[in-house]
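What follows is a group of structures, each given as structure tokens.
Across the two complexes that follow, subunit A remains constant while its partner is subunit B and subsequently subunit C.
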Partner chain A sequence: MDDRRVNWACRVLAGLVMVFLLAPLVVIVIASFTPTALITFPPKGFSLKWYANIFHASTHFINGLVNSLKLGLIATGVDVFLGVFAALAVCRYDFKGKNALLNYFTSPMYVPSVAFAFVLLQVYSQIGGIPGMARLLIGHLVIILPYIVRNTVSVLHVFDWTLEDAATSLGAAPAQVFFKITLPLAKPGVLAGALLAFLYSFDEVALSSLLSTPKFVTLPIRIMNYMELTFDPTLAAISTLLILASLVLIVLMEKLVGLDMFVK
Partner chain B sequence: MERRRQALLLAFPTALALFVFFLVPMAYILLRTLFTNGTSDFTAFFTDPFYLDILWTTLRVSLLSTGISLLLGYPVAYFMARTRSRMKKVMMVIILFPFLVSAVVRSYGWMVILGTNGLLNQLLLALGLISRPLKILNTEAAVIIGMIHLLIPYMVLSLVGVLQSIDPNVEYAAYSLGATPAQTFAKVVFPLSLPGILSGCVLVFTMSMTSYVTPKLLGGSKFRMMATMVVQEINVNFDWSAASAVSYILLAVILAVQVVIVLLTSGYMKRMGGGKNG
Partner chain C sequence: MATLELKGLVKRFGDFTAVDGMDLQVAQGEMIALLGGSGCGKTTTLRMIAGFTEPTGGTILVDGEDVGKIPPYKRNIGIFFQNYALFPHMTVFENVAFGLKLQKCSKEETARRVGEILSLVKLTGLDGRYPRELSGGQQQRVALARALVTRPSILLLDEPLSNLDAKLRVEMQVEIKRIQRELGITTIIVTHDHEEAVSLADRVIVMNQGRIQQIGTPQEIFDHPASPFVADFMGFSTFLHGKAGGAPRGGKRPILCGEKTLWVAQEEAEDLDEGESCLLALRSESMTLVEARWENAFPGRIESMTYKGHTTRLEVSGCFDEPVFPALGEIPGSGVGDEVLVHFPYRKICVYKA
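Let's turn to the complex of A and B:
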């Protein structure tokens, strides 16, 4: 086989994979502007009515969005503290059992979220009286923690700890060392971890399917419930807004930490 | 000793939170299940063809999705690792973009494409290639398509790092010694990229084994995988013993895969000379 032909085949396949990855997203965006309830290609005209429909109270999309944002932001906020402390403890000090400790912090990754959700459901049914948001929040705090720990560890792993000693010897207090030296240098890992953790929480469905109460329902569940009743382009409109949000996040991540942070 | 105390102090809040909200509930419920029902739920699972069929479907879909994701992801990752053009950044964005979009949204996109009145059927009908719409949505094929879409980014991201760390000069050396591209790939690039292949496959396989949204939305009501079965047993059938059997067996399969992989990689690392980044 000739080298150039292999190269060319590789290129074509890569191109096709890119088309495959983008196809459903592009289709959703186009579909969201269809004027008809049945989505046809090419669309017969242009309409924004499905976007207006998102705000209609009967869809509960806005309520779901607010719930999902609250849940994701609180869970990520708390876990950034817990995760960064944990990562620091494991990376900064040399002690027996530090690998075991790291495995412990990342262990929720190995438990299927649906299995953990069912465990929590059984515990809640015994305790009783736990409000809807707390039922989900406890689950989210656990399942997203590994993302923050792992990404922070991946940065601290190659961290030059003598920088801390240098700052201390120049008279910096421990808090100053942490906020002026350690944290800024660990920032890319913490940010990437926090982003992945937030997205995991925001998109999470298995936990929410089992643990949410009628009073506290998240956006993905609202969308899935809507889908079962009506399959009109309102779904495409809300999906387009979510796709747009992801695009903004990508640009933000590229500016803040660079996309190479995501390469394992 | 002082340092160890500092470390433990720092780790304490996180360790405690995980202990209270994760470890204790998991252990408590497992023990309670074993003490109240014994192993009867598990024997019921393994003697009922209905449940065995669900386990087999889950394994089959996961293996197929993992295999296809590897086949499609590898050339992409190789191209990204070797190219110096601006294309690399463009591809990185295209890979990360769907990766950051909710699985519900992505499945919805595939529903619009694969449905009976979907884009694909409209296209094929207009081209005259088919006379009646194909049934793709609500079949296993649709689930696998949606799954691959979900998994390829993870696979590519796991592979790019490893492939980037392989020095291109190693490949040139093989060429200059007379190896064909196929030989170079089989004897040099592929073996060196095995750790990435392994970690990518484990990650992706675990994700498909435990996936819930994709099989639920693209498989239709009659298609069942382990995770959708757990939710169905609880929310529809109200059968908690069956749900606990299904969820613990799913957990056991995932942990077994992890153990096998750890054993495999440690053996592989020893043979390769035990490099830290092996």
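Let's turn to the complex of A and C:
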């Protein structure tokens, strides 16, 4: 077949995929500015009232947002610590079963989170009296760890370990080698993993909906609950803000480490 | 500046013995080359001196003191790594200053010493560059500067020239030797290239299978290898099997190779009994083509010719049962298939018991 025709067909296909990916987002963003009580497209007029409604609705979206941020940040922070050392141990040392161990660290990725949540629920009800935040945190710690381990391993996998020897020969003690050489060079992988892990925790519904208590509810659960009762453009407004926040995060990461880290 | 001594150094990995009872004394300011093929134990020896690998047995003494219990970051040994191991996230200045900062040198002192060492390796003005912005030769000199700036007691060089092209290699040989002399630092260089070892070191140590095969000056090792293995490693090309002949005459001893008699220097063959089998070794450059039938000149047929730039290497059969490989400075008039007379100078023949 003619090369040019293939090229042309590829472009059309790529264009269609882009439209398919972006169109719903564009619709939601535009629809969030509608003054009507139902989501309509194209919107009839312009209003910010649904954005104001985020703060005034009977559902406490802001409380949910704060909970989600707290949960995501703490879980990510703890897991960066655990995940980086797990990745280091697996990559630096040669020992029997190191691949098995790596698969073990990343296994929560393959276990359905509903099944995992169900098991946790059983455990919690046996023990009893575990506060809402801890119930979710324990679950999130487990399910987001794989993202940090995997991304850190992908950097350390090609790491030149003689750099550590070089630093050691110049008088750096093990801790100094880690903080001055290994960690700075592994940073792109660690940051990429941390971002993905945080976004996953922030977005997580299945596990959170099973484990959360009325006292500690995350934003996605709030949104779900609201959706069950009312279906007005407030949800479009929230979605628009979340899309914006994601964009800001991605741009920030691009500035910090470069996006090529994510497509590996 | 220090002396180094290895006493019965042994390293085993499971069933494999990488270094098998190594004894060595290195004087202050001396430059030693550990020469051998891959897996001969030279790099393991280097890593044990640096402290990265723990010996299975034996001791390492620096200035007469056992350093076995001293962790690698306190040994004050400068290392030049084969792949340079420059820190990619640091500039040239930061790379070189790394060790000084750990020693808590003041800012002014650090800047002064980095400046000094960079001018010694001729890199002044490149302090702000990152390693990836430098050529291979420049990266190498940064690595050398970084290893030297902390004034280590011993400098270890791991295959320092293997990644460079031929021209740069010669330049760096001169450079490394100059800097080593200027600083008078005790140096051990690990290499698999006999020319590199011979041109850099005061003494060369040939290793094989974890054992020292020969210790000597470059001249000794180059001209009188202690064993056929060392001869082969040092680039001897022609090996002939023979049997020792009768009494020496005029400082020469006859060796019977098949029906022919080859004369060798008497002192080379002194410990051979009459009729004892032996192995003779010659360098390609020692043999020449001659016109008349001198002593030690034998006729043969050219089987192949390989042009190598400054020499032409021949394969000649018929002189003896085994082929010989003379290398000639000029292209001979004769070609493949022609009969020639090959001369074997008796002083250049090494003799081993076989």
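One rule holds for everything that comes next: the second predicted complex is superposed on the first by the 262 of 264 C-alpha atoms of A that agree within 3 Å, B and C clash if a C-alpha of one lies under 4 Å from a C-alpha of the other, contacts with A are read in each partner's own complex, and residues count from 1 in each chain.
Rule of thumb we're sticking to: a contact is a pair of C-beta atoms (placed from the backbone, for glycine too) under 8 Å apart; a residue touches a chain by one contact, two chains touch by 3 or more.
It should be emphasised that the depicted structure is a prediction, and the values quoted were computed from it without experimental measurement.
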Partner chain in contact with A:P184 - subunit B first, subunit C second, else both or neither = second
In the superposed arrangement, does subunit B or subunit C reach more residues of subunit A?
-> B
Which of the two partners, first being subunit B and second being subunit C, lies in contact with A:I54: first, second, both, or neither?
-> neither
Does the superposition put A:L69 against subunit B (first), subunit C (second), both, or neither?
-> neither
Partner chain(s) touched by A:V205 [first = subunit B, second = subunit C, both, neither] | first
Report for A:A167: first if it touches subunit B alone, second if subunit C alone, otherwise both or neither.
-> second
Go through the superposed model and pick first if A:F116 touches only subunit B, second if only subunit C, both, or neither.
-> first
Which bits of subunit A are touching subunit B when the two form their complex?
-> 1-3, 6, 9-11, 13-14, 17-18, 20-25, 27-28, 31, 38-41, 81-83, 85-86, 88-90, 92-95, 98, 101, 104-105, 107-108, 110-116, 118-123, 138, 141-142, 145, 199, 202-203, 205-206, 209-210, 220, 223-224, 227, 231, 235-236, 239, 242-243, 246-247, 249-250, 253-254, 259-260, 262-264
Contacting residues of subunit B [partner subunit A, same complex] | 3-4, 6-8, 10-11, 13-15, 17-18, 21-22, 25-26, 28-29, 32, 72-73, 75-76, 78-80, 89, 91-106, 108-113, 117, 119, 122-123, 149, 152-153, 157-158, 160-161, 164, 180-182, 196, 199, 206, 209-210, 212-213, 216-217, 226-227, 230-231, 234-235, 240, 243-244, 247-248, 250-251, 254-255, 258
In the complex of these two chains, what residues of subunit C are touching subunit A?
-> 50, 52, 71-79, 81, 83, 85-89, 98-99, 102-103, 146-147, 150
Okay, in this complex, where on subunit A does subunit C touch?
-> 160, 162-163, 165-174, 176, 180-181, 184-185
